[in-house]
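Okay, so chain A shows up in both of these, paired with chain B first and chain C after.
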Partner chain A sequence: MAVSPKDTRVRAATLAGPVGQAGTAGEALRQASLWRDAWYRYVRNKGAVIAGVVFVLLVLYCYLIPGFWKIPGIWTSLADIDPYAVEFADARQGMSLAHPLGTDRFGRDMLARTALGGQVSIQIGFAATLVILVIGIAYGSISGFVGGMVDNAMMRFLDALYGLPYLPFAIITLAIIGTINIWTMTIALSIASWFTTARIVRGQIISLKENDYVRAAKAVGARWHRILLRHLLPNTLGVLIIAVFLELPGVVLGEAFLSFIGLGISPPEASWGAMAQDGRAVYRVQPLLIVIPSVAIAMLVLCANFIADGMRDALDPRTRET
Partner chain B sequence: MTKFVVRRIFWTIPVILLVILLTFVMMRQIEGNPFRTGERAVPESIQANLERKYGLNDPAYVQYFNYVKGVFTFDLGPSLVLRQRDVNDIVKEHFPESAELGGLAFLFAMAFGIPLGMIAALKANTPIDYSAMFFSNIGFAVPSFLVATLAIYYFALTWDVGVPTSGWTTWQSKILPVVSLGLGPMAYFARLTRGTMLETMQADYIRTARAKGLRWRRIVFTHTLRNSLIPVVTAAGPLLGFLITGSFVIEQIFAIPGIGRYFVSAVTGRDYSVVMGLTVLLSVIVILANMVVDILYGVLDPRTRDARA
Partner chain C sequence: MALLEVRDLQTHFFTREGVVKAVDGVSFTLEKGKTLGIVGESGCGKSVTALSIMGLIPKPPAKIVGGEVLFEGRDLTKLSERQLEDVRGKEIAMIFQDPMTSLNPTLKIGTQITEVIRRHYGVGKDEARKRAVGLLDEVHIPNAAGRLDDYPHRFSGGMRQRVMIAIALSCNPKLLIADEPTTALDVTVQAQVLDLLDELRHSHDMSMIIITHDMGVVAEAADDIIVMYAGQFVEQATTLDLFDHPEHPYTEALLGALPQIEGEGIREGRLTAIPGRPPDLIDPPVACRFGPRCPYANRKDSCTTTMPELREIRPGHLVRSAHPTSERAEVREEVPV
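Let's look at the complex of A and B:
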């Protein structure tokens, strides 16, 4: 990302809230010209804006739809939209007004169940991405900041692990923990996926370290943790936000794969992968059941990819030409 | 050059040792008794005998040493659940299918992805470019199990074009699995090729080639393509991991008796030596592939030799 010596002045603003849809972004906009520029560039990018809107709508759908049936008096007409309610009389329906996306073989409403599965998938996705970021930041900033032999050894270790297929290690991790739920899935999916982020953070720290304002801080006697926490890490924020949307698709797909081969979330709980596995059993008679959760996954992955691309273009205009 | 290659090859050995160690440590943390069949408890004396037979009583470092020795002599040890079989037998039996599936999917991805990316780059910012990129974005985002299921539903069942719904025997039965597995990597190749080609076309030497009046075909194929395919080569390493992950799902869907499918049943059957052997095998393949890619990259682009050695 573009970094100017002015950046330390906008530190508070960048910490308060980066490019976002919420009100906190407004705070940042007034103060931080870097983020305001980035925001304007992002908004001009039609694909990225659409992806952002669809992403927000998808998340809202997942978290609001299953809640509607819980509000008596307002959503009474949707009272039977309960993702867990088994009603064999309604089983295997196509699309209708009562069940907009049909029902599965237990008569559970697919609109509500897809939302429920989405909650699990999105929760695992963001939780695992967060874990990946935390490990990646810790590892990458130590490696980049300390430098020398330590950096060399840590990077060699990363090289060793780089490119390893994460699925076998995720499966072994789940076998070690013994139970499968959202949190163990989060650990399993992040355990072999943090290498890229660590590399990115290290690269950023190393290039930022050479900036004049860091030298100045050192010259006036700032201690190492102040330099790292105040001057270096906040300036990697842009890259980290991009990393969120770069890592998210992989984790969401990983969860889907694990659940699909029967080693992940299992019924009556739902995730998009588990629902796809469920739908796979009856794809000859009702292909909709595997199509719906898969399309939901694809939408999330596609949006995240476009958002990441848009953010990269917005935060680093130099790459924009290609 | 020789120094670079030798250094890179020797560097692989500690990497393999490290990955074996990690897998070994992880496997030892798993609870559960592989010798237990069904609900019945195994008599103590038999359990003790079995543990002695498989060397499970030795100190951890002895077990690790023996295992490493085994890996480097191509012996992955016995299966703990199937008494008469070695992990080697299982690899021999199931690996060819997986290797063929992965290899064909990789070829498919290259054969279609690179031209697609080329066309998109040459026709940049035209409807052709947009539809190619739209297609590859979709191909990258749609999970392979949906692609596979829809392919079976339409090509094998609805239109019945002569491809079976499952299996890995005739060449017809291999089409759908290969395409389903290769679609994601194909999209990846297309995006990558487009990006690097657009970048290369900005280079000064391309302008020079144009200025001196070289023919379009020569500019594209000799000057642009050759230089933009170098970064594409490096993508082969990570893509291998992608293919392995994908094959777990694809083998399940098409009932292909490969490594991925066996891995899953070994996990549920708690056959630890098989799980460990297959994990080590897949990891070593990825490490070796990374090594080959690095060396190839060094050969193709001498500038990277010092940085990557």
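Let's look at the complex of A and C:
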């Protein structure tokens, strides 16, 4: 195998890391597990670490800020930092101490409202990714594990589904369901996007099931479900974690798009896409209203991509040391 | 009743190029408490024979097209997959060639041992763990209790093979099939593992089939030896008899190919090799399969047109050749110079 510069970097990083130092004389050998190795490789990737920190801060911000107004005595200068509180006297303000990110046309605080919108975006993002994973793993593992004609039929069916355009299909799904809330949007966004995950899992299962330890498990009488759940799926975990952070941006963007064209979450609830749509009308006079949610979306998506990248370097078997 | 009786076993692989007759009419009997060695070069059907007994051949493309595998009188080829699963591990266990890949890297070795015990005995976690410690002790892994929670990458090749042996023994099988158990190990560890296998065969009162291409391994471990060539048995004898009086030209050639430590001119010489290559198993010769490589076959012989039968040349010694060693010697004496 050709060693790319990336490989050498990873290898050198691992050797120099605490794993390599574990064998100092007199000291008991420390268990260098796969996850610890992966962790050391991950923290050496600066972009991925920054993305991870920003991601965590963003999530914390979304979930903590809207709660602050409920705590009396603290944040008195932000006393009306309530994402739902309409106060026309304060409408269309710029940045100030009372409203750090200004207010929208109903006088609602943008700092709190962006956090509220973020909750919706993140919830839909993670819920839809979870649904994608569940369907993808189930479909892909059955297809790969059974193999033969079943595999062939299931994959051809998947090829046909691949022809479905993602967003129009989500819109049609929403139209069929008839109501729009977090859960129906989750379904709409995941129903046409699990195909890639299914393929990844199938490929993994097919290559893993040829392993000697699968034959060894069969030789001691293990049944098929045990082989699949105990011996095959845990070995796909690394790839699946990466898949989560690769699917997440797509779903978040999909949600933002649907909300932006008015098919998503509607007021008084908020989502970043819906907020951007609100801001679009006044972007000449108050650009902050469209800039803030757009930047938030971009940050979440970029962070997820950087995290996926870092995790792939840390977990991918091809760059992993043997 | 013999523990295992294989009758005219035929396992074929149905591939795009044609039907590969990997195992073509193999019969043998294994008594309780005995060790049988099966030797032969790569691709002669040793492993497929073993996997056919276990019902582990990859279907498709492989299929047992004929014959019986009688284990304690039960024909294993007729059992359903579900019934076979209960036999595997419990009655017949198997250890494989490469211990580095035969353990699941994501599971602690304790889990991998206890899951077999719990699968076949249905005992609780604690009881299974207790037995697992006993098993690791038995295969001489130091600090057995402490190592149950280690992952396989913490074990060396020899240690992993010991773990594999512990797993194979966990349900006290009556038959242990060892498919090249020492091939992937270095020489000193090979000897230890062989000793261990022999010790455990005695203490667990098992029968054993050792499959190998290493004459040294079978010489040490086996009571009887079967030599396999191109999907068929060509010679079967007790270990001593086979090494002292090999009859089949192929066996002779195999023994001749063993590296010699002393002797004339061996320092500068090359290792002896058998000229030619094994036949294509899709379309094997109708006559003796060793014929094209046999130094004794010539065009006038019947063995170039018809397949020699496996015949008993003396009690307990079977050979499939028109030119066994003992008959050649007689012929040579009769021919006037």
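To be clear about the criterion, the second predicted complex is superposed on the first by the 281 of 322 C-alpha atoms of A that agree within 3 Å, B and C clash if a C-alpha of one lies under 4 Å from a C-alpha of the other, contacts with A are read in each partner's own complex, and residues count from 1 in each chain.
In the analysis below, contacts are C-beta pairs under 8 Å (C-beta built on N, C-alpha and C of every residue); 3 or more make two chains touch, one makes a residue touch a chain.
Just so it is clear, the structure is predicted and the values come from calculations on it, not from any experiment.
**Q** Consider chain A as the common anchor and indicate whether chain B and chain C clash or fit when overlaid.
**A** fit
**Q** Is A:Ala222 contacted by the first partner chain B, the second partner chain C, both or neither?
**A** second
**Q** Quick one: is A:Phe260 in contact with chain B, with chain C, with both, or with neither? Answer first, second, both or neither.
**A** first
**Q** Counting only touches as set out at the top, which of chain B and chain C does A:Ala160 meet: first, second, both, neither?
**A** Only chain B is touched by A:Ala160; chain C is not.
**Q** Mind telling me which of the two, chain B or chain C, contacts the most residues of chain A?
**A** After superposing on chain A, more of chain A is contacted by B.
**Q** Let me test your reading of the model: by the given contact rule, A:Arg284 touches which partner, first (chain B), second (chain C), both or neither?
**A** So A:Arg284 only meets chain B here.
**Q** After the superposition on A, what does A:Met149 contact: first (chain B), second (chain C), both or neither?
**A** A:Met149 sits against neither chain B nor chain C.
**Q** Go through the superposed model and pick first if A:Asn235 touches only chain B, second if only chain C, both, or neither.
**A** Touch partner of A:Asn235: chain C, not chain B.
**Q** Between chain B (first) and chain C (second), which, if any, makes contact with A:Asn211: first, second, both or neither?
**A** second
**Q** Could you look at A:Gly178 and tell me whether it touches chain B, chain C, both or neither (first, second, both, neither)?
**A** In the superposed model, A:Gly178 contacts chain B only, not chain C.
**Q** Once the two structures sit on chain A together, report how near the CA atoms of chain B get to those of chain C, whole Å.
**A** Nearest C-alpha atoms of the two chains are 15 Å apart.
**Q** For chain A, what residues appear in both contact lists, the one with chain B and the one with chain C?
**A** Dual-contact residues (chain A): none.
**Q** Which residues, counting only chain B, touch chain A once they are in their complex?
**A** Residues in contact with chain A: 14-15, 18-19, 23, 26-27, 29-31, 137-138, 140-143, 145-146, 149-150, 152-153, 157, 195, 198-199, 202, 237-238, 240-241, 244-246, 248-249, 252-253, 263-264, 267-268, 275, 278-279, 282-283, 286-287, 289-290.
**Q** What part of chain A is in contact with chain C in the complex they form?
**A** Residues of chain A touching chain C: 31, 33-34, 148, 211-213, 215-223, 226, 230-231, 234-235, 237.
**Q** If we count contacts the way the header does, which residues on chain C are in touch with chain A in the complex?
**A** By the definition above, chain C touches chain A via 54, 56, 60, 85-90, 93-94, 96, 98, 101-107, 115-116, 119-120, 150-151, 154, 164, 167-168, 170-171.
**Q** Please give the residue numbers of chain A that touch chain B in the complex, ascending.
**A** Within the complex, chain A contacts chain B at residues 157, 159-169, 171-173, 175-176, 178, 249, 253-254, 256-257, 260-263, 276, 280, 283-284, 287, 290-291, 294-295, 297-299, 301-302, 305-306, 321-322.
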